[in-house]
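Following are the structures in question.
Next come two complexes, and both contain chain A; in the first it sits with chain B, in the second with chain C.
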Partner chain A sequence: MFNPEILIVGAGLAGVAAATELARAGHPVLIVDRAARAGGAIHRQPLPGQAGVATAAARWNRLIAEAEALPIRWAFETRFNGVDHQGTALLTGAENRMLRPKALILTTGAREAVRPRPGWTLPGVTTAGAAQIQLKTMGAAPQGRVVLAGSGPLLIALGAQMTRLKNPPVAIVEAGRPFAHPLTSLRLPLGYLREAAGYMATLLAARVPILTGTRLAAIRAEGETLVSTLTDGNTSREIVADMVCLHDGIRRNDIGLTDCPALSVLRLGDCAEALGARAALEAGRAGGRAMAQALATGTTPTAPNSPLLDRERAAQARLARIYAHDDFAALHSLPSDTVICRCEGRTLDDLRALGPAPRTRELRLLGRFGMGPCQGRFCGEWVARAISDTPQAPVPAHPLGEPRWPAAPIAVADLHAAAPDTGAAPPHPHGVHE
Partner chain B sequence: MSGGTIFWGSRAVPFLTGESVASALGRAGVRSFGLGPTGTARAVFCGIGQCQNCLVSIEGRSAEACLTICRDGLHVLPEAEGLSDV
Partner chain C sequence: MNAEGIYDAVVIGAGVVGASSAWHLAQAGLSVALVDAEGPAAAASGASDGAVSVASKKPGPLARLATASLLYTRDLAQGGPLSSAYHPRPSYIFGTGSAESAAIDALIAKLAQLGTAVRLRADGDATLLPGVGTGIDRVVALEGEGHMPGYAAVQGYLREPRIDRFWPAPVTALEESGSEVRIVLGTQTLRAKRVIAALGTATPRLFPTLPVLPRAGQLFVTDRGLAGQLPGALTSAAYLLAKTTAPSVLPKPPVVIDPLATGQYLIGSTREDHGDPTRVDFETLRELMLRAVEAWPALRARRVIRAFAGVRAAVSDGLPIVGSAPGYERVLLATGFEGDGICLSAVIGREAARMTAGLSPDAALAADFAALSPARFAQVQEGAA
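What follows is the complex of A and B.
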C-alpha cells in the first residue's frame, strides 16, 4: 500500500543533507520544495545570469554536488500540504498527487517573528527575511530608502549585504543593546565573531547609523513614503523611508505540520530547533542516517544530537542574552487599535474584549485569532504574550491550538486533481476552520 | 538576459527567467496588490509563503505572488477582481 519513497519536505541544508545520507544508504528519496531550485533560505540561489551573494557558498556547493550525483528525485514548485492519520501525504503544484511515503522528513526551516506595531500591515513594510531573499535572488539590494528595524543579528547581516550592493540602509534600529555585552559576545564561537566583525566593518565604513536601545514604535504612510516613529524610552524621532523591513527573531517553522501514527516522521534543522545553518547541515546528515538505521531495524528514529549541536545551542542562548530587551512592555503599551492578527485585522481591543485569560477555543472561535489563512503564524506568539501578565512566561509551542493539516490553504481543484495512487480513500483535510 | 512579460491587469510587466510574480511587480513599482477581505492592502510581507498577505489572482486562481514563478503571458489581478470573474 505504501509508496517506496521517503518524502523529504524542504530542499535547504537539512533536507538535502538528509536526502544524500538516505540515498547513499540505498533508499529512494523524493524531495519537494515550493521554490524553483534547491537552497532554502540561507543558500537561496540567484536567478540565472544574476550574480550571487555568496554566503558560505563552498558549503552549499559541496553538498549539492554530492546530492546531484545520487539517485534523488526532486520536485520543485511543489507544496507539501500535510499528512493524514493513515500516512497519506498531499502534494500540490508542479507535482500534484497523493502518496503514502515510507517515512517523512520535515525540513521546512525557520520563519521570522515580527512584533505587531501600528502600520505593520502597510505596503512597503516587509520582513527583513523577505528583503534578504529578494537580495539573494536578484543579486541586488532593494531600491530606495530602506530602514531595518526590530531586533537580532539578521538586521546587521542584511544591512551589510545591502551596503556591499551599493544601497546601504538609512538606519538600523535595534531594540536591544548588543554592544553593551562585550564579555558575553567574546565567548561566542569564533565563526560568529568573524562574521559579525565583517558585517560591522562594512556598516561602519559606510557610516550606516546603528541605533541601539531604540524601538521602531509605529509606521504611517504619507503618500508613497513611510514615516517611522523611533523611541529610545526618553525621546522620539521620525525617520522617512520608502521601505521598512522588520525582524524580531527567528522561530521554527512547524505550523500545520502534524505527526502521523502510521509512519515515521522526523523533523530536522531549523524546523525542529532554530539553531542556524551549521546545525541544520549537521542535523540533516545525522537525521538522514538515523532514519536509514531506523528503517533497517524497524525502530523509531530519534532526533540527532552531537557536540556541534550543543555548541550551536549554547551560542544561540548567548545571542539571545546579548539581544535581550523588554519587548513585553513594548507589546503591552501598544495603542489598543493596533492590528495583532494581520489576516483578519483583529486588534488588541478585540483580544481584550474576550476578557481575562481567554482559552484557546475562545481566542479562535470568538476572537478569530489563528483562524485566518496564516493559521496564527504571525499572531500566535503575540496573542499569548498580550494575554499574559508575566513578562517571562514561556510561550507555548502552539498558543492557538495543536497543528493540523493543511499547512497552507489548498484549492479544491488541486484536491480533486491529486488522485490517490494507493487505492486508499482520499483524506479529509481538517481545515483551519472549526 | 532571458525573461518575458506578465500582465498586471492590462499593464505589461517584464520579468527575468525564474523570477517570482511579487518580485517582478515590485521592480515595476507595484507594491500594493489590491485590497484583501478586511480592507487592508495585499502586499509582500514575509516573502516565503507563510503570511498569505500577497495573495493575488493568477489565471483565475488565488495564489501567493511571492511563491509563484512568472511564465510568459501570465495574467495577474488583485485577488478580489479575479474571484469576481469566476
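What follows is the complex of A and C.
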C-alpha cells in the first residue's frame, strides 16, 4: 500500500520549514495552502506580473530553494476544511479529495483582531492586514485618503509601506502610547528596533501624523466618504477619509481546527502562538524534526522549545507592554445596536438580552454568536470581553465552545467531488511545485 | 416551596421534556424547581432537528400521542410559551420505487385514521413540488405539521418566572423516605413531595435497570441562500420505512432536509449505536449530501457551515418510558423519546404534571400512556427470572 503522506496546512515559514525537515527525514509530505503561492503572511508573493514588496527576501529564498530540492508535494488554491475524529481530512479547491494522512501539522498562521465599534462593517472599512495583502500581491498602496487605526506595530509598518508606494496614510491612530516607554523599547531585540526605526524614518520624513493614546471610537458614512470620530479621553475630533483600515492586534488562527484521536496533530508557528516570523521559522524546523522523531518512535510529538523561542516570547511580551492600552473597556459603553457578530448580524443588545452570565450554549443557540460561516473566529473574543467585568483581561482560548470542523465552509459541489481516500497513491508525484 | 423548604415538585433535566413538565407544574400553581447537570437544552434538545411530525411516527400509541401533541403545540404557540418556538410549515414526503410508494400508501391510510390534524394536500409525481430532483417518482404534500427547535421550546417554557432553577447541578442520588424525596446535588440537597426525572440518555445512571441506550445522529447546517428555498421539510419515504418498522440502525441513512427559519438548511441524520457527540465524519456528510442533492438539487449551490451530532435516548422496545419509576413511589420517569421528544414534549409535559399533581392522564390518552409505563420492563425481568 501507498505510504500515507504527512499533511501540512499552510505554506508560510513554519509550514515550509516543517515540510523540509520531514521530507529530509524521508517522509512523503503534502503541503497545502489556499493561496496561489507559498509565502504565508510575511512572505506573501506578488501576483504574476506585479512588482510586490519584498520583506527579508533572502531568508525566504534560501528556505524555498531548500524545500524545492526535496520531494515535497505542493497543492495551492487548496483549502483544508478540517480533520474528523477518524483522521480523515477534507481538501477542497484545486486538490479536491479526502485523505487519511499519517500525521497532521497545522501552520495556519495568525489572524487579525478588530474590535467592533459603530460603523466597522461599513463599505470602505477593512483591516490593516487585508490592505497589506493587497499591497504585497499588487505592489501598490490602497488608493485615496486612508486612515490606519487600532493598535499594534502593524499600523506603523503598513503606514511606512504605503508611504514608500507614494500614498502615505492621512493619519495613524494608535490607542497605546508606544513612544512613552523608551526604556522598555531599548530592551527589544536589535532586529525589531532596526525595523521600527526604518518605518519611523519614512513616516517622519513624509510628515504622517501619528496620534498615540487615541482611539477610533466610531465611523459614519457621509456621501462617498467615511468620517471617523477620534478621542484621546479628553477631547474628540473627526477625520475624513475614503478608507479606514482597522487593526487591534493579532491572534493565533486555530478556529475550527480540532485535535484528532486517530493521529498526531502538531500546531506550529503563529497558529500555535503568535510570535512572528523568526519564531515561526524556528518552530517549523524544530517541530518538523519533533514529528519525524515521534513517527520513528511511535510517540506523541511535543511542541518545540528553544532559547530563540524564549527570546521571541519575551520580546512579544515587551511589545505588548509598550502598546498597552485600555481600548477594550470601550466595549462596555458602545451603543447597543453595535454589530458584534458580522455573520449573523447580532448586536450588543442581542448579547445583553441573554442575561448577566450567559453560558456558551446560550451564546450559540439563543444568541447565535459563533453560528455563522466564520464559527466565531471574529466575534468570539469580543463576546467574551463584552460579557466580562474585566474586558481588558485575557479571554479563554475558545469562548464560544470547543473547535469543530469545518475549518472553512464546504461548498456542497466540492464535497461531492471529494473522493474518499482509498489508500492509493496521490494524484501527482512528489517534488512537483506547480 | 413551603415553609419547611419542601417543593411540591422538582424536575430533573432541563431538556424539552423537563422544561415542559416544569412549566405545566407552575401553571397548576405548584411550587417547582428545575435542576440540570449542565444547563438548559444541554443534551439532545440542544442538538437535534425539530420536526413536529406525525407522519414519521410508528402507528399506535406513538402516532396518537404525536397527534395530540401537535394539536396542543399549536395551542401553546397561540400567544403561549411556544409562540416564538413553533413554526407551522408544509411537509413533503418523496419516494422512488415500489417499496417506498407502498410506505407512502401506508402513511396516507395512517393519517386518515388519526383524524384531521395532518391532512393530505396533494399526491402526485415530481411536478407537484417544483425544484425536486428528477429521479423522484412520487411526492405527497401534507399540511398541519411544523418545526420547533428544541432549544427555542426550552427557552419559551423557561420564560415562566415561577420556576426555580438550579444549574450546573448534577443530581447524584434520589432518596425517598415517607412523604418526601431528597434530591442530592453534590453539596446541596433539595426536598420535594414529588420528582419528575427527564434525564434523556443519562437515565441509567440514576435508574440502572432501565434499557435506555444512546443513539447518536449527525446533523449538518448550510449557509443561507437566495435561490432554491424549500417551502417545507422534505423527507425520504425510506425514512418512514426505517422509523416505522424495527428500531433498526441504518448505516446509510435516508435523508431529511429541513428548511430553517433563518433561510439555512438542516440536513440529517444518522442513527448510530454510540453516545459520543464528537463522532462526526466527512464520509457520512458526503453520503448524506449526495442524497440530499438528488432530492433537492438547489442544495448544490450551498455551503456546509456547521456539523454536529446529538445523542437520542433510545429504548430497547422503541417506545418511550413515562410512569412511576421502579422502586419509587414519588418519582415519575419521562424519558426514552429517541427521535420524537420535541414533537411529544408538549403533551408529555402536560400529562407528567397531571400525574404528579395526583390526577390521572387525559381519558382519551390513558391507554396510550399505559403502554409507556416502565412496569413493562419489571414484568419482563420477573418472567425471565
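Note that in this section the second predicted complex is superposed on the first by the 415 of 434 C-alpha atoms of A that agree within 3 Å, B and C clash if a C-alpha of one lies under 4 Å from a C-alpha of the other, contacts with A are read in each partner's own complex, and residues count from 1 in each chain.
One rule holds in what follows: a contact is a pair of C-beta atoms (placed from the backbone, for glycine too) under 8 Å apart; a residue touches a chain by one contact, two chains touch by 3 or more.
Computed from a predicted model, the values in this text were never measured in an experiment.
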Contacts of A:134 with chain B and chain C, given as first, second, both or neither: first
Chain B versus chain C as contact partner of A:77, first or second or both or neither: first
Chain B versus chain C as contact partner of A:411, first or second or both or neither: both
Most chain A residues touched (candidates chain B, chain C): B
Touched partner set for A:112, first chain B, second chain C, both or neither: first
First, second, both or neither for A:125, with chain B first and chain C second: first
Chain B versus chain C as contact partner of A:372, first or second or both or neither: both
First (chain B), second (chain C), both or neither touched by A:362: second
Touching partner for A:34 - first (chain B), second (chain C), both, neither: first
Chain B/chain C common contact set on chain A: 372-373, 409, 411, 413
Contacting residues of chain A [partner chain C, same complex]: 81-82, 84-86, 88, 90, 98, 359, 361-362, 365-366, 371-373, 375, 404-406, 409-413, 415-416, 418, 420
Chain B partner contacts - residues on chain A that touch it in the complex: 34-37, 41, 47-50, 77, 111-112, 121-127, 129-131, 133-134, 137-138, 143, 253, 255, 339, 342-345, 372-374, 377-378, 408-409, 411, 413
Sites on chain B touched by chain A in the complex: 1-2, 16-20, 23, 26-27, 31-33, 37-41, 43-53, 55, 61-62, 66-67, 69
Touching residues (chain side chain C, partner chain A) in the complex: 38-42, 46, 149, 151, 155, 222-223, 278-283, 285-286, 289-290, 293, 299-308
